[in-house]
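Letters A, B, C, D, E and F mark the chains as written, and numbering starts fresh at 1 in each.
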Amino acid sequence: MRILIANVNTTSSMTETIHAQAAACATPSVEIVGLTPSFGPESVEGNFESYLAAVAVMDRIVRYDEPYDAVIQAGYGEHGREGLQELLDVPVVDITEAAAQVAMLLGRTYSVVTTLDRAVPQIQDRLRLAGLNERCASVRAAGLPVLELEADPARAVDAIVEEARLAVAEDRAEVVCLGCGGMAGLDRKIGDATGVPVVDGVAAAVALAEGLVRLGLTTSKVRSYAQPRPKTVTGWPITSRFR
Amino acid sequence: MRILIANVNTTSSMTETIHAQAAACATPSVEIVGLTPSFGPESVEGNFESYLAAVAVMDRIVRYDEPYDAVIQAGYGEHGREGLQELLDVPVVDITEAAAQVAMLLGRTYSVVTTLDRAVPQIQDRLRLAGLNERCASVRAAGLPVLELEADPARAVDAIVEEARLAVAEDRAEVVCLGCGGMAGLDRKIGDATGVPVVDGVAAAVALAEGLVRLGLTTSKVRSYAQPRPKTVTGWPITSRFR
Amino acid sequence: MRILIANVNTTSSMTETIHAQAAACATPSVEIVGLTPSFGPESVEGNFESYLAAVAVMDRIVRYDEPYDAVIQAGYGEHGREGLQELLDVPVVDITEAAAQVAMLLGRTYSVVTTLDRAVPQIQDRLRLAGLNERCASVRAAGLPVLELEADPARAVDAIVEEARLAVAEDRAEVVCLGCGGMAGLDRKIGDATGVPVVDGVAAAVALAEGLVRLGLTTSKVRSYAQPRPKTVTGWPITSRFR
Amino acid sequence: MRILIANVNTTSSMTETIHAQAAACATPSVEIVGLTPSFGPESVEGNFESYLAAVAVMDRIVRYDEPYDAVIQAGYGEHGREGLQELLDVPVVDITEAAAQVAMLLGRTYSVVTTLDRAVPQIQDRLRLAGLNERCASVRAAGLPVLELEADPARAVDAIVEEARLAVAEDRAEVVCLGCGGMAGLDRKIGDATGVPVVDGVAAAVALAEGLVRLGLTTSKVRSYAQPRPKTVTGWPITSRFR
Amino acid sequence: MRILIANVNTTSSMTETIHAQAAACATPSVEIVGLTPSFGPESVEGNFESYLAAVAVMDRIVRYDEPYDAVIQAGYGEHGREGLQELLDVPVVDITEAAAQVAMLLGRTYSVVTTLDRAVPQIQDRLRLAGLNERCASVRAAGLPVLELEADPARAVDAIVEEARLAVAEDRAEVVCLGCGGMAGLDRKIGDATGVPVVDGVAAAVALAEGLVRLGLTTSKVRSYAQPRPKTVTGWPITSRFR
Amino acid sequence: MRILIANVNTTSSMTETIHAQAAACATPSVEIVGLTPSFGPESVEGNFESYLAAVAVMDRIVRYDEPYDAVIQAGYGEHGREGLQELLDVPVVDITEAAAQVAMLLGRTYSVVTTLDRAVPQIQDRLRLAGLNERCASVRAAGLPVLELEADPARAVDAIVEEARLAVAEDRAEVVCLGCGGMAGLDRKIGDATGVPVVDGVAAAVALAEGLVRLGLTTSKVRSYAQPRPKTVTGWPITSRFR
């Protein structure tokens, strides 16, 4: 089984972090392939960047020409999952939704701790559209930019622990989701500090993607995610025009 | 890894059907153990029976004295999952919720096709409490009692196909969930007849339970599912009084 | 008119408290009969205990062999009301729902003050299923176990008053419901301290049950609460096996 | 105990029908007083008429100068209940809400059958504001004007039975509410024809009003229904200006 | 184009304030006519007063005998808009709804800052009925009566700024609506102090009303707002009886 | 005042249709500029195409180097509005939301009639995110592709009228929105055929955009739509790479 996991930004070190976390969680027989978009922002923090990243991820996936069994979109609260589902015949798992689903199996309510305050509304909107927001106690921001997770991991852990504790004490969360692909690997530290289960979206997505592949299930093509109709699409894939 | 899967009724042939489906879906290294309650109704179709079954399942699980890694409650729309979560330290997965979660990874909306009309409200209530009902297009009943699934499988498939087709055409479902533990194994037949992914709750629960165990995650003990407080509980486990 | 009121735990002094409150509220011509389950926990604080109590209450009611006109389940936020509705031909009133309904006749919003924090999610879930949660401003816990209500009533009143005041001031509740069968009789004290109407669930349930009987109305048997289908139910009533 | 029941229109024969139904349902010691507004429409079918009636009912109640214990507003889906709650110190019960509450004690879902199609949205809005709409399966119209209920009762019963049957069969209602004060007294006929409990709003309101008075409870004065602030109100009560 | 704007209270200086704000916002070719009810309260703060004002506004509009193109009801959170829509053939715009709509074009969430605490529930209810409450972050009260806005404008601005700041910082509002017709003209001051767009309901209503007239659109007469049926309505218009 | 209106697809004849409709609705002093993306699909019917179009529209707008006062995105149910709001300092109006807002000023409920069935879920999701779906009675599809609106207008009108009639009769819509930028100009024909107000999204958006500009209001920059943070964005604007 081969699972593609797409970073949503162009920072390759973050792709490596995500890949490492995914590979560590996967069962041994599963191959994880990390992909980095060819264009777009170095980190995704807002709608403009997220829309651009959505297209860049789709562009990157359609140019991958080896066989694969599932795709994971490793951006938290980002646009684009529905487009991938239309284009592909294999299951597509978004880490935002995977984390929420796993959290809902573990406790009655969950909170998400993300990076910047401006990411909060996007995550809330993605959870609402996914129909997974009813048991979401809160989405909190640790107040640090995505790239700082790598630059200063100790400070990042402290800030995330602080918000996770507030989520449990004040928002009555029973589980905490790490709301950024770049937080992969921090789950145990945060869990030790808070006493509740901590769900990393990348890990959750790997488990769900593996499960779907084993069950032989893939995206319904009946209506919402039917294959695009044949038509003239100028400039696609976009990377073919860049060279 | 050992996963217990509990039938909710006392009909052991149905336990065998459920066990066979679970074992067929599990990865080879996972042992599936099927359990049948010692008391309760021969089939569960309504709230009185479901409450009794909830206690009978809890009674049966607490008397299992080998180690195990996860528990699946294989009753569709039944009471009791929260009680198991309080009593146990391993993950507990309910097939109603597992099927809904997997369906939501495959399409924008899903429908459930169950047995009797009177089961519909119970399934709707369980999905609402689980926060998984927003993308539920409908819960439909095939109009046949649980035990008839075994007595006349051909008629059962026809009746389920008919409702599944209506769910897709009229209720705009993009995925169909088989709404009874006893429907295990019918997923491919129904899928072929309807053209949409069909999710069997037992299979879905096995995939999710395996995933949780591999991720090292279990139920939050912070509030809703904290261990019961020490106190006098008369007549528990109930089976110890029957002999 | 005879109304059965069932305590959900096995502590008979609490049955007496509940009975006294119910009898004090009933019109003089109504006989109130208090019943205590034959098995189960000495107090109900969590889902495991609540499921067990649900079955124990059903078991106790079906063994009552005098005629009666209505049944009140006197556990706050507990499971089981739907099962009683299936088994019986007389109206069944749950004190959680009765209190909420009466509160909604008195103010635009209400809060519930219950015992332990872990009871909060259960009460919220019961109100949601009952469709009575939209005007619920909050469910707050006074932080004391059920049995302490009897052991130290003065401290109980203080703790409940504190939370009731916060409900009015911060959660904007206009009415307060006492969220435990064992709080019966404290309504006037709490009302004097907070200045808002205080609804005791037992009193509310008596008023509603009397009203239903006078109107000649009882549970609909059309779908959700239809009589259980004839089938083999092993070990029921459970108490017959204990002896 | 004396309960005032206010017709919302100026047709005194309808006040008599409502009064007769209320008196028949009340316990013997309760005196029911029927009141007719001094101005406004002869039947209330729409928002303009309903707003006018709301003021006319308030005007009529404030001019009643004998003591009383509770007030019932006997218009289905009409405006005004909140105003009465501000003006009065006794409980105020609206028949729309009373019927819904009683229905919710009897079945998992209920439908309302009203007169004209244009009344449907108003009833839905009142139930939504009252937080009682979640278990409302449908609001259906029998297609006949309010005053025709009196002019041709046989045709009215037929039309209401037809919609009530559809509510049960297609909308999955388990209880039916009669959605017009003028339908008082038809409940048994409709019940016999449909096999589900039928709730008359006037009867329901009498039971609830009696219950509130017996429990010594009245409207919270904390925020929404606080007494109007002292100020100059020109032309009030309006009837004093007419003469 | 002529637009009528109705003050909901009888204080003519407030009509002048509202008229001035409306005229300042209107395109030059549009004539704004301010109207004051002939009866009712000097300020509207609660349901009793609001119902009375609803009728008084309808009474005032129907007696206006020049042609006009649209009507604005300039009371925040008040009853009555639906009645005007039934009576009139021109568009009717309520300032509560207009402000919310405009706010939703400017930010993801908005808060309303109103006068007295008791106005909060009414505003919430009107927004809920209008289907505009989902993105409402909060409704806050500045704690000052309507008429004090005129008596002490400096204190009013301070109190409103304070609540607006809390709405942005704590409730996560991205836009603030001024929740009282009498706050017309304060928008720029509050905007400067908070850094978010501030929407005055009168200004918003003028823009929307102009737009509707230019597009040639008016109220649907199909169901909810159909013209009242011909019938005897005693005492209408009410002012004709006062003289 | 200059308003940019962006077609979401690359078919310039459709840009012309949209431009003509916008110009016909605008007040005379307003200049409407129609823009066509430089890349993307010839028509937008699905999520992949919509995400690509979202980026293409942003790309096109940022390359427009004359001053302007507002931007209209003329795709129905499409992604991208939030990204434009982040990038720009002028108001951004989406035709889906504009149509819904105007419809809600005209009737209690509205339906949308769009092109293909697969567009329905996208429109529903956009309305849900916009908080404008509560009064949406239905979204119906006329069953014809976007480009056929131009190829066979007579058939298009027939198909839309048919669905609009069903929306009014069966879904109880009181207003109909034309759910495709390419339907601009059909509003009067559909209105004549159905008897309810028909709202064209382009016309509605022009009215709202004009209003916002006149009121001096623009997008809040506080959180959701704050300007993107300074960072390296590779390949942006995308068109600069194509040449």
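Following the convention adopted for this analysis, a residue touches a chain if its C-beta (ideal position, glycine included) is under 8 Å from a C-beta of that chain, and two chains touch if they have at least 3 such contacts.
The model shown is predicted, which means the values in this text are computed figures rather than measured ones.
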As a test of understanding: of all chains, whose mean C-alpha position lies farthest from that of chain B?
E
With touch defined as above, tell me whether chain C and chain D contact each other through largely the same residue numbers, more than half shared, or through different ones.
same
Rounded to the nearest 5 degrees, the rotation mapping the CA atoms of chain B onto those of chain C is 180
Which chain's C-alpha centroid is most distant from that of chain F?
C
Between chain C and chain E, centroid-to-centroid distance (C-alpha), Å
44
Centroid spacing, where centroids are CA-atom means, of chain C and chain F in whole angstrom:
53
The positions of chain E in contact with two or more other chains are 108-109, 120-121, 172, 223-225
Chain E - residues contacting chain F, complex
25, 27, 91, 93, 97, 101-102, 104-109, 130-135, 168, 172, 174-175, 195-197, 199, 203-204, 207-208, 210-212, 214-215, 217-220, 222-225
The chain C residues in contact with chain B across the complex are 10, 38-43, 45-52, 54-55, 58, 79-80, 82-83, 85-87, 117-118, 120-122, 125, 128-129, 145, 223-226, 228-229, 231-236, 238, 241-242
